[in-house]
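Below are two complexes that have chain A in common, paired first with chain B and then with chain C.
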Partner chain A sequence: MTTGRDRIRLRKPTASSVALDLTFLALVGLSVFGFFAIDTKGLKTGPAAAKLLSDLVKMFAHPVAKHFSLAEAIWAMLLTLGLAFLTTLLGAFLAIILSSFAAKNLSKPAVSNALKLLVAFVRAVPTILWVLIFAIGAGLGSVAAVVGMTFHSFAYLLKAYSESFEEVGGDVVEALKASGANWTQIVCQAVVPSSMSYIVSWTFMRFEINFANAVAMGAAAGAGGIGYELFMASGFYFNIGEVGFITYLILFVAILLELGAMRLKARQHVQR
Partner chain B sequence: MTSIIEVRRMFRRREAIALASFALLAVLTLGSSIITSFDWPSCLRSFPKAFSWLAANFIPNGKALANAPKILARLAETVLVSVMATVVAAALAFLMALLGSKTTRPHPVASGLVRLVASLCRNIPVVAWAMIFLLSFGQNVLTGLLALFIGTFGFLTRAFMETVDESAESSVEALWASGAPWAATVMQAVVPSVMPQVASWMLYMVETNIRDATLVGILTGTGIGFLFDLYYKSLNFSSAAFVVICIVAVVILIEAGSNALRRVIL
Partner chain C sequence: MAILTIKSLTKYYKDLRALSEVSLKVKAGEFVTVIGRSGAGKSTLLRCVNRMIEPSSGLIEFDGIDMRSLGRRDLRKARTRIGMIFQHFNLVPRQTVIENVLHGRLGYKSTLQGSFGIYSDEEKSHAVDVLARLGLAEQMHKRCDQLSGGQKQRVGIARSLVQDPRLILCDEPIASLDPSSAKTIMDHLHRISRDMKITILMNLHQVDVAIKYSDRIIGIREGGIVFDDEPRRLKKKIVAEIYGSDADDILFEESPE
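And now, the complex of A and B:
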């Protein structure tokens, strides 16, 4: 007979295994506590779940567009893609200028750390709040949405670019320095060109994220586009068929973008 | 001689590619600006306005501090919802990852099905899920919880599948070869080797979900997002700024905690 006591202990608890167990324990504990603590305002979950199920069937089986034509829907989609494009462009522009100052092998530690601190703050503010803060000055619309979304794009791309710059390696930079190249030459003619495929692939990945963000800003911050139509269909007309139609459109574009990102990534693996 | 010509040709081709890329970017920028009616001068003007607003409201005044208990309660609710969505989604995503991963899948059909479901959950944005659930669950905290859960599930299923593929392949093969059953293989080979990565992904998702919960809260009228929206729309800017400060503090705290944990775990 084997009882718990007789079994051979295969693992000794280490600092990392204890920390791991505590992490899971805390997360699960908080969740269990949450299920009792959150206020659901007496919502009857049974009927709500039944309605959700019938809604899901209806929206995916019978998508209809009632308040706009297909041409208008495509225009709205182009608007959302336009917001995502401008955001990615601005974010990439700012990030590429500053990433050579953030990369450890090209910059001073103080400058690099200061930029990391800035990025930590930028990332801690949710995108929607950046957008609404800018809407105070610029009004709700495409300017506030693009500028607000640019913050997280900048933070994300700065990290991605500077890390790919760091991968170029100290020895290349050292060799160029020794041969008399100045900092600008090293960055513009060696580091940036050799990280170009990384830059393109990361930037496209950010474009994919920004598409989802642009949909969100249309719904929550008056930026227009397909997100606004979604908000109207659900929150205003209560039309599940129209929600389904818009969801299909968004899904179609999102999957196209994901496939594009995967192809870029695969090409990069071949090159490296 | 030929080599010089070749080098010249290469440079000329490079220049042509660079020129074409710039032209394409310029056309796309112009097109996007027109479609979205993007006003570049107003874009530049918005920066000083936004930052002077932040500076003016960064130190909370008495009105904002009086709202502190309400804000902190909503913030606690938002953090709880983010953790709940992450934990439940992670548990389910882990099972799905075992069915979907190339190393542990019982059958290729199961794997394909898992990938399809995960792709659907991930590629429909969280906002869209929130707007879908809004129709059945109404303006309720459960609406946001469900939306975050679906998005997190889609993301974590893919992340966990990649983790299982990367870290458990050789040990799984060894146990398969020795004739161990599936359940034992998973428990002894997969689970111990992927747990640190799983924890790391979960901490990342908690942090991401707090930011997303703010957005979903604005749409569904719950949590810290609702409170921000309320102060913002009633022009109570000092309280709105205080909400921003509280969110920043919590996110940075959680990020710092996660990073410290990662250093010990990984």
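And now, the complex of A and C:
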């Protein structure tokens, strides 16, 4: 060798990796530019940051509940959890019925593609927008929130369920088909039981998402619950301590849900 | 009497010809093994019999029924008399052994009863008997994911037996088993064909196993039959032709004549 040590590359640059690198560089450049291009309207960075810090300290170091009692807060939290639970349940029910028509191994390609396209469209629009769209008919409030959130949950779970059906179903579907079983029997006896662990974990995952959504719905769509109290505390009473209190409450419930999900997963892991 | 007659069976996958003009007859109670390289068309041939794969042309007659003329309903009915067992067992892992075995009865049941898994006492006791005969009586209530490979395959056999089949199609039944489990499975299948007079049509990779158990061996190469005779007539030269390699490269003992 004449050039001494040649570097051994682990990867060869391909068209797609070059494109990825260029995109990344462009994004970094834009971010830096954006930071300098912010119009601060004469706001001084130093004092503003100090003010923010003091507000944050007030919010999280001195949480108080002034306009409602603890019992009322818990009731509002239950309302929010109820909204999340109801919409997940309704969405899951619709999704489980229709997902066997959307799974490629159980359905005709045309039906499967049509359903998947439809739910892809529903999923592309955020939950909050669906709620606002349904609010046109139902008026802002809990009805619009339930319908809109159910709609989006259904689309999300249909994709999740039908993909797990496609993944686990294959072998058993073939075996039962060969023994003369009909479509409904195969779905009920083989496909759903074999994908049960996926169904449970996806549904719980959606419940967690719906909890966060339900908080937002309370604030944005007037669906009530803890989200509404948060909206009132921050936008109406300007009570920073109360915002802190509600935030802690939401955080507490979110951690409980997360722990629940972990236990659920651990149990299934043993069973699988 | 022939239970299965195949005439000029041809199957195309797009432009690729998987089977060309295959003709064969299988007698009731016969144990027939199909050997050939991977991709020679063994699996396609087996699946054309119960129309899990639609043939392109040709005749398939099972138990006096022209399989290709059947509509969906009648095809399901005909399939109830054809059992099938698979290389990867194809069981529902989260259900118990007996639940999986009873799946073999679904073809005989109404949609509602089948979907909710409601079985009659006769069906249940039949399933228990079959399990006992296969030495799985104690595993009855275990979940299938707790079983060993050999046990899973026995559940697969039990599932096909509760169908009251006249023919069992076996697609590489021992390809993912250790040698001792493989022997158990082959012994069970052999007993089933001998004692219950159920016809067996099996794909195999192991030539020596095929010779030991079969009444007849069919060799397939590139979608066509190149050998169809008793095991003792299978010579090294023919095996080499079936597998398309040098005779010396094949692990196999000729039977002395």
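The working rule: the second predicted complex is superposed on the first by the 239 of 272 C-alpha atoms of A that agree within 3 Å, B and C clash if a C-alpha of one lies under 4 Å from a C-alpha of the other, contacts with A are read in each partner's own complex, and residues count from 1 in each chain.
Keep in mind that, in the parts below, contacts are C-beta pairs under 8 Å (C-beta built on N, C-alpha and C of every residue); 3 or more make two chains touch, one makes a residue touch a chain.
Just so you know, these numbers come straight off a predicted model, no measurement behind them.
Under the clash rule set out above, the superposition-derived model of chain A with chain B and chain C shows the two partners fitting side by side.
When the two structures are aligned on the shared chain, A:231 is found in touch with chain B, with no touch to chain C. In the superposition on chain A, A:264 makes contact with neither chain B nor chain C. Of the two partners chain B and chain C, it is B that touches the larger number of chain A residues.
Contacts of A:52 after superposition: chain B is touched, whereas chain C is not reached. Residue contacts after overlaying the shared chain place A:96 against neither chain B nor chain C. In the overlay built on the shared chain, the residue A:118 is in contact with neither chain B nor chain C.
By the document's definition of touching, of the two partners only chain B reaches A:134; chain C does not. For the pair chain B and chain C, the minimum alpha-carbon spacing after aligning on chain A is 6 Å. Chain A uses no single residue to touch chain B in one structure and chain C in the other. Within the complex formed with chain B, the residues of chain A that make contact are 15-16, 19-20, 23-24, 27-28, 30-31, 33-35, 37-41, 43, 45, 48-49, 51-52, 55-56, 59, 75, 78-79, 81-83, 85-86, 89, 120-121, 123-129, 132-134, 136-138, 141-144, 146-147, 212, 215-216, 219-220, 224-225, 227, 230-231, 233-235, 238, 240, 243, 246-247, 250-251, 254-255, 258. Chain contact summary for the complex, chain C toward chain A: residues 50, 52, 76-80, 82-84, 86, 88-95, 103-104, 106-109, 111, 114-117, 145, 156, 159-160, 163, 169.
Of all residues in chain A, only 171-172, 174-182, 184-190, 193-194, 196-197, 271-272 touch chain C in the complex they form. Listing the residues of chain B that touch chain A in their complex gives 25, 28-29, 31-33, 35-39, 42-43, 45-50, 53-54, 77, 80-81, 83-84, 86-88, 119-120, 123-128, 131-138, 140-142, 145, 195-196, 199, 202-203, 206, 210-212, 214-215, 218-219, 225, 228, 232, 237, 244, 247-248, 251-252, 255, 261, 264-266.
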